[in-house]
Amino acid sequence: MKQSTFKADVLPYVLLLPTFIILIVFLFYPAIETFRLSLFTVHPFTGAERFAGLYNFKNIFTNSEYLHSFGISFLFTLAVVLLGLAFSMMIALLLNERIKGMKYYRSFLIWPYALSPAIAGALFNFLFNPANGIIGYFTGHRTWLTEGSTAFLIIILAAVWKNLGYNIVFYLTALRNVPRDALEAASIDGAGPVRRFFSITFAFLSPTTFFLLVMNTTYAYFSSFGLIDVLTEGGPARSTNILIYQLYRDFFVNSKTGYAAAESLVLFLLVVGITVLQFQTTEKKVHYQ
Amino acid sequence: MKRTKIQTLAIHALLVLAVFIICLPVILSLSISTQSETQALSFPPRLIPSSHLVSNYKTAWNTVHLGRMMFNSAFIAISVTIGKVIMSLLAAFAFTHFEFKGKNLLFFLILISLLLPVPVRIVALFNVVGKLGWLNHYAGLIVPFWASATGTFLFIQRFKTVPSELIDASKMDGCRPMQYFFRILLPLTKSTIGALSVIEFIYIWNQYLWPLMATNSDNMRVVQIGIKMLMNAESSNNWGVIMAGVVLTMIPPLVVFFVMQDSFMKGFALQSEK
Amino acid sequence: MEILKQTDPTQKRSKKVFEYTNKIKLDQKAGLLYNDDQQLTQYYYSNSNKDVVFCKKIVKEKKMKRIVILLLAVTMLVPALFAAGKEEEKAVKVDADAPVTIEFWHAMSGTRIELIQGIVDEFMKKNPNITVKVQYTGSYNDTLNKVKSAVKAGNAPQVFQSYDVGTLGLIYSGIITPVDDAAKEFNLPIKWDDFFTPVQSYYKYQGKHYSMPFNSSTPLIYYNKTLFKKAGLDPENPPKTYADIRKAAVALKKAGIKTPVTWNLHSWYFEQMICLQDAPFVNNDNGRGKELPTKALINGEAGKKVLDWWVGMEKDGLFLDVGPGWSNHRAAFVSGEVAMVMSSSSDVNLLTKGLKEKGWEMGTGYIPRPEGAKGGVAIGGGSLWMTNTGTPEQQLAAIKLIEYISSDEPQIKWHKGTGYFPVRKTAMDKLKTAGWFEENPNYLTAFNQLLDSPESLNTAGALLGVFPEARSIIQSAIQECYAGKSVQQALDESAAKIDAAMAEWNTVIKQ
């Protein structure tokens, strides 16, 4: 269906002007400038710059803390994405069954989406606090947040918990579009529920899954900053020091501007790379109508 | 597909369990927010609400000027939402209803902007906003977020579902583009505007990293930072007060969410229709 | 039509503003209004036709002080414009009585905000021509960042508070005026002999004082006398050495307190316990020599002794790991979960009260040292710095404010309200005469610990440009030791990381 259009010479540009002014001033220019700064060392007070080529990058990749952060972030993202999608898909399937009270169940399951990562951090800090955490009381294990390995699990838990709602919404919407007749036909053909799920439903959900893969990856790499800052501040012993947190510390606390800019560039390449990878591997598997 | 009673029961049971697990942290916070400092610190922990509701909320309010912060968060969130909706509408209108040179390039640029979230450009963004003198001012917290790829795409999708005949008909009536925009297109887009507004309001209300860096005086801080400050405040470890602050911070986005839930869901549903 | 922003009054743009305000007719309202950040919030300018006046609000207005600020701003503009170009010359003739406004940014939250305002109000009463605008600008880190941004934007405060670990960075920052220089320039010498030695020697670098000590504290041992008695320990005899602490902890554990000792995970204690052994933290005279420090010496014998003992107690279940942050360890002490805690000397009131509520009595002691160690403690906290921005009148006002805040009366008020040390010995004498220490013997412990610290480059405190980062590295290392890494390895790795950070900082700071 060819879209009819209006004839106008200047109007479309005028309409796009505000958006692009903002994009240029606050998005593209800072992005390019950040990448440029990664090639310089910058004085913490005067801002004086000195060209340093790949010096910052060399520093980053020979810094054990940064490499540790790199690995941690990757594991964190992997866990958040897999667990998040798996649980939300399961819950969405449950919600999709036509049962009484579906609307209420739905409301009470997706609302954490409206919370901020910082709030999620505060709530989970309270639950797992070494001094008076409730979970600590019920499980007898009190060092959830002061031990590296368990602290890492907690941030995954909190991040998944907070984002479940978002994923569920998308899955629910997608499930509505799964044609009932295909499922009925398969059922008549004798396919059990599990088989029906994997061969039909899952396929229809694949565009959504792909979309959520990308969104959750960016969520885990970037948006979880607030959660970390409130819950563990990157500790203990850097066990929850994901890349974005390290970046914040290096820029804002340690005033290593050039170094932080290099971290930004690496982060950018990382996320772009992951997104492109996801595009390529799932493009074959994604079924569009 | 028929379902046995047991299956239905099982589904209900699982859902109830899921709801319980998901809601547990917040139910607890509500209860704790009514307890005094020593009660909240009691070990074993005390789950029944107490009577310190008002005093806790008052303390949270006063310790970090939560009231001012809530105003800031609200003002910023609303301003960004309004600006973003307007700009996205205009941009989407341009892309869907006009042919012009460079259209593909500009569209591509907007697509690219999705790959440049705040953390990637934050080093220079901080300097740019600083040079504009907008650090620690509303402008620095609002204006950079007025352009939105997601908003533009959302509206583009919505506009594409509007039958082409409407445009032809209005052209024949001598309708100019902007008239068409205001009189015909906009009323049809209400629910999508609603959906985008909800998403954006919540997103900006929940922002943390940028306000953390871009504000440094109490009168400009936002409520998310207030939570961190409450937790770090001198008299902290008073979880009753902290939870009171947490509850207060949670309320506006939740209210927005629940009230707009229907239009929110509609907005999303429309998005996935072709 | 240009949007005009008032930054440096000597810039050409401000002249335009000045001219425009001249064109305004008499029945119009005044043309310039400034907010607290010295930025233009309302301005009038004429369009290309005539004196049609527009009004634009840039920033949300506050209240009535606008007019006063406006008048002061205009009064300031005139001499500033005339002084343009003469800024290079040292203004020997400074109008000490001209009305002047300065800004003071600090990082003291909560009730301290009012306390500081009270002190500043007193200062303004004594100096009616000086207006000081006080602002709480967040944490130390926030305040420092805000100052950095403001310097670049041209509207820096004249006085600001920084934390101890920012000292070397600020010395080399190029944005500050050392207080000794300002004192000399305006002939207002500061009586440093009146100050406690460790307090003033921290901020003295190569013979010159760069900042004015303001809120100084040391760590202190707090112990629960009542629980001590229960465990059969002498409540009037606090443990003094590492071995003593261990013995007391074991006894307390037997008496039923599971993990009797704690303090928060903060590198400060580690640094202090190295000082106590009269050992340096970094090379080149503990960072105070002619050359910038290049090597961290934390992995020597002194550092190892500290961590062997600290981590050892944690491993033996005598020490409770409550993580970083300043609240958990206090809560554990006040609730009786631990019987001994190390914390800042400014916590005396808080902890005494907390214990009293439970009917317990509190004691204090010097922080522990390994047997035979002969060093002392260094101070921590913050100090007041002057930026090298502003007119000579503002600089004079700034040094006067700084001097006033360090004088006895405000310092005594500050001490009583916060627990930080008053910076001068003369203030301590006044407190003694007034019987303060009889009522508050626990404070006396902290003072005595300070007085008993021998003066050396080690007890003056270490100076590093990368101190915040170094602290973070050390704290992580300690956590790694809790998790099983060997102390020596953790320290060696940390030292290497700090060395690398210092090397980079040293090159960048010179560019």
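The chains carry the letters A, B and C, assigned in the order they are written, with residues numbered from 1 in each.
Quick note on the criterion: a contact is a pair of C-beta atoms (placed from the backbone, for glycine too) under 8 Å apart; a residue touches a chain by one contact, two chains touch by 3 or more.
Bear in mind the structure is a predicted one, so any value in this text is a computation, not a measurement.
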item: Farthest chain relative to chain B (centres taken as mean CA coordinates); value: C
item: Contact-richer chain pair (by C-beta pairs counted) among A-C and B-C; value: A-C
item: Between chain B and chain A, distance of the C-alpha-averaged centres to the nearest whole Å; value: 16
item: Separation of chain B from chain C, taking each centre as the mean of its C-alpha atoms, in whole Å; value: 37
item: Per-residue multi-chain contacts in chain C, two or more chains; value: 145, 152, 328, 331
item: Overlap residues in chain B, where contacts from two or more other chains coincide; value: 41, 213, 237
item: Of all residues in chain A, the ones touching two or more other chains; value: 131, 252
item: Residue ranges of chain B in contact with chain C within the complex; value: 41, 63, 130-131, 133, 135-138, 213, 216-218, 232-237
item: Contact footprint of chain C on chain A as seen in their complex; value: 41-50, 59, 63-65, 130-131, 143, 145-148, 233, 235-238, 249, 252-256, 259
item: Residue ranges of chain A in contact with chain B within the complex; value: 1-6, 8, 11-13, 15-16, 18-20, 22-23, 25-34, 37, 91, 94-95, 97, 99, 105, 107-109, 111-120, 122-127, 131-134, 137, 161, 164, 169-170, 173-174, 176-177, 183-184, 187, 208, 218, 221-222, 225-226, 229-230, 244, 247-248, 251-252, 257, 260-261, 264, 267-268, 271-272, 275, 289
item: Complex interface listing, chain C residues touching chain B; value: 5, 37, 39, 59-60, 109-110, 135-139, 142-143, 145-146, 149, 152-153, 325-328, 330-331, 335
item: Contact footprint of chain A on chain B as seen in their complex; value: 1, 3, 8, 11-12, 14-15, 18-19, 22-23, 25-26, 28-29, 32, 40-45, 47, 86-88, 90-91, 93-94, 96-100, 103, 106, 109-110, 113, 115-129, 143-144, 146-147, 152, 160, 164, 167-168, 171, 177-178, 180, 202, 205-209, 212-213, 224, 227-228, 231, 237, 239, 242-243, 246, 249-250, 253-254, 256-258, 261, 265, 268-269, 271-272, 274
